[in-house]
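By written order: A, B and C. Residues from 1 in each chain.
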Amino acid sequence: MSYYLQVATFICVSGILGLSVYLVLSTGQLTLGNAGFMLLGGYTAGLLAIKLGWPLWLTVPAGGLLAAVVAVPLGAACLRLRGVYLAVATLGFTQSLVVIANNLTITGGALGLKDIPNLGTRLQRYFRGFLAEAPFGLTMAQFANLVVLLICAALLGLAFWLIVRQGQSRVGRAFTAIRTDEVAASAMGINTTYYKVLAFAQGAFLAGVAGGLMAHLTYFIGPADFGFSRAVEMLVFVVVGGTSVPAGPVLGAALLRTLSEYLREAKDLRLIIYGALMLLMVLVRPQGLLTPGMFAGLGRWWQRRRAPGKGAAV
Amino acid sequence: MSAPDRAQGGSHVHSLLRVQGLTRRFGGLTAVADVELAVEAGQIFGLIGPNGAGKTTCFNLITGLLPPSAGAVEFGGRSIVGLAPHRVTALGMARTFQNIRLFGAMTARENVLVGAHARLRAGVFGGIFRTPAVRREEAAARERAVRLLDLVGLGDAADLPAAGLPYGRQRRLEIARALATEPRLLCLDEPAAGMNESESRELMDLIRRIREQGMTVLLIEHDMHVVMNLCDRVAVLNFGQKIAEGSPAEIQANPAVIEAYLGRDDSAAD
Amino acid sequence: MLWQQLINGLTQGGTYALIAIGYTLIFGVLEIINLAHGEVFMVGAVAGYALVMLLGWGLLPALIGGMIGAALLGAVLEFTALRALRRKGVSNLAPLISTIGLGMVLQNVMIRVVGAEPLPFRVPLAGFVLRLGPLQVTATQLVVLGVSLVLMIALQWTLSRTGLGRAVRAVSENPETAALLGVNVSGIVLATVMLASALGGAAGVLVGVSFVSVSAVMGMSYGLKGLAVIILGGLGNVSGAVAGGLLIGVLEALTVAYGGAFAGYKDAVAFGFLFLVLVARPQGLLGQGAAVTRRS
């Protein structure tokens, strides 16, 4: 029971990571820097909780905010770089942060941060304060894990909702325009610098939040959690799930996380499958499993259902 | 906005667009050399010349997509050299592209809404939470988008993806998108390219209607028929240099222009 | 001591340069970055290891064997992850993703085969040390430096003097024109990818020799270093790759020797430096084609 709750919780965190890459990609920028922002968020949250005793509802957003603040100058500096160059520069950022985390004393070096206050444990202690017994016939630990899952699911839902709403607005149109044709977008009056840095910082914020969640879900984080492999993993979620609809990365995270739980014993087999999937998706279905066309069809159906008389006219 | 300006047409001090000494070099090649242009408010101004004469480069320099190597560009009395393209657009200059550059996956309506970007205000917060002000703004913008699509004859295609439209309709959608930026000066890069005769006649009507709404039009065109019927004034580029300027009749009689086009049937080219 | 560090740095830098040349050759003809290159390097290293340690070959035949193995892998790469993406309308990000994917497959298949632990790679060179006053040059260093130099010179000669080289240069200048001039573009691309992979494989064997071990996971860090090097040197620029490789090698050696508390940051040198260069001079140290004007 607790195991399934945990898997579902990690799917939610992965979904947030997928969305963080999706956001940046929605302005046509391929970033491998979000693993670095995740590291920033994770260590920030962990250290604030350990050293300063901040409550967890503050440490997680603080990690996200720090990541976003760092992302603004980084994004602006990388702005002139396109495609390949941007991917490599942001990978350089990630790798540099990993080396730094590996060497600083405060981050615990290669051993990482230990004894990070755990969200589930905290909740359990909190519930015991006023509940004699967990509801629904669950044990207190299971109930706490369920609440953890609900919190992470709510955060994923919130991030998803924000991205969908933003996507339907003037800002979202600017993102799509830049992604499609940056020159034409700027000729249409869009400040491409502003929107690219905006997307970069928003993605960093989500990655930072996910890092903070990760820190408080696992007791322990180390530099090895946030390197190239992590950067690629997030990218796989998007590539498999769908690169141009927000539901894509969430689906990708859910599918691949579930798959990796089945292959838990064989990490290398899991990565072989990840790799093969990336290759295959690019070759056969470059937009990913979910495409905007599917959602346009769904939208039309929904409109017809809501207004049966008007449906024919459209 | 530009209707009063129009009354002053002819006065050089108030030219809507004034280009002086405009030069652009690529490595050793000079694509545009020392070009002078003065477009008066309310004009339809044609920029013609053989293939590779530097017309599109000229457009890119004027609209800020390329920085000039030398020269001045003044728009509405203000220097716009070095301004980012989106700032130039915000000042009231809009353009279309020779090799149509629509946002293919977006619908026609969305393309026009992108054009309206600089005239709308909704930010991240307003866009996400749809404040009353943003709702009003968006509704007005959508209504205006439909009007613009109607103007160019695409009223029936509002919800179709731009990439799926036939070529001639894509060209007209680009014009609608440019109009959505609410320009004073509309720059059209070969709007009639690839159109048949009836389509290009409709296009000429459209451009005249646009001018009647108070806009100034600067157009690059290959189709001599369109240029001669439409333009008030024409400048001719050859090898990056301006070799002639005048009324369509003057241009047709100009020996230098005939020389530049010698042996070519440019009304059929492209 | 400074001279000693320079020699150590140059030896290391020579292998970086070989890896970087592989990236840069492929970028030259295809304008893509092959993110599987680090794994091709690793496969070359393990192949060399297997030939020496399991079959008892000498170092030179094993080096050639490693290069051939890597070149064949290069052909696999071209046919699976690259060729199909060279059609119109495919995002330029697609080959990045496909080569990352293939790289992951290669690395983890190798982990399944030989495990993730380092494998001891001893060639009968170890122990021999040349002393020049206070300087010590090991036979391994001499071999690594020598072979790197020979390969780089051979490559330069191939590119500038042979018909193949001329064709490669024509394709990297402009594929359409090259095709019009009768160059078999697909064939040249295949040859370039195989050549680049062979150089990567050679670098793998050399790194294995100089660190006396190979492993299935060695491709990652070297692949990333090589990536930093080519961007430093300017994409598509062979001499830039050589200069960048040597520079990074020396800087790393100096960081370890004189960095004091910062010695542990050796692996951040390449990327930190890269980052600064990219921000200040996006075309790389020696590059002319700018990162900002490449079609995106």
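As a working rule, contacts are C-beta pairs under 8 Å (C-beta built on N, C-alpha and C of every residue); 3 or more make two chains touch, one makes a residue touch a chain.
Because the structure is predicted, anything quoted here is derived from the model rather than measured.
K.L.:
In terms of Cα-based centroids, which chain occupies the most central position?
P.N.:
So the chain sitting closest to the middle is A.
K.L.:
When I count C-beta pairs in contact, which pair ends up with more: A-C or A-B?
P.N.:
Per the contact counts, A-C leads.
K.L.:
Between chain B and chain C, what is the separation of their C-alpha centroids in Å?
P.N.:
Using C-alpha averages as centres, the distance is 49 Å.
K.L.:
Please compute the C-alpha centroid of chain A, do the same for chain C, then give the distance between them in whole Å.
P.N.:
Once rounded, the distance between the two centres reads 32 Å.
K.L.:
I'd like to verify one number: the distance from the centre of chain A to the centre of chain B, where each centre is the average of its C-alpha atoms, in whole angstrom.
P.N.:
Here the centre of chain B sits 42 Å away from the centre of chain A.
K.L.:
Going by the contact rule at the top, pick out the chain A residues touching chain B in the complex.
P.N.:
Contacts found on chain A: 162, 165-166, 168-174, 176-177, 180-181, 183-193, 198, 244, 292, 314.
K.L.:
What part of chain B is in contact with chain A in the complex they form?
P.N.:
Against chain A, chain B makes touches at 63, 65, 84-86, 89-90, 94-95, 97, 101-106, 110, 113-115, 117-120, 122-124, 126-130, 134, 138, 159, 177-178, 181.
K.L.:
Which of the residues in chain C come into contact with chain A in the complex?
P.N.:
32-33, 80-81, 84-85, 90-98, 100-109, 111-112, 116, 220, 224, 227-228, 231, 235, 262, 264-265, 267-268, 270-272, 274-275, 278-279, 282, 291-292, 294, 296
K.L.:
Please give the residue numbers of chain A that touch chain C in the complex, ascending.
P.N.:
So the residues of chain A in touch with chain C come to 28, 30, 77-78, 80-85, 87-89, 91-93, 95-96, 99-100, 102-103, 182, 228, 232, 235, 239, 268-269, 271-272, 274-283, 286.
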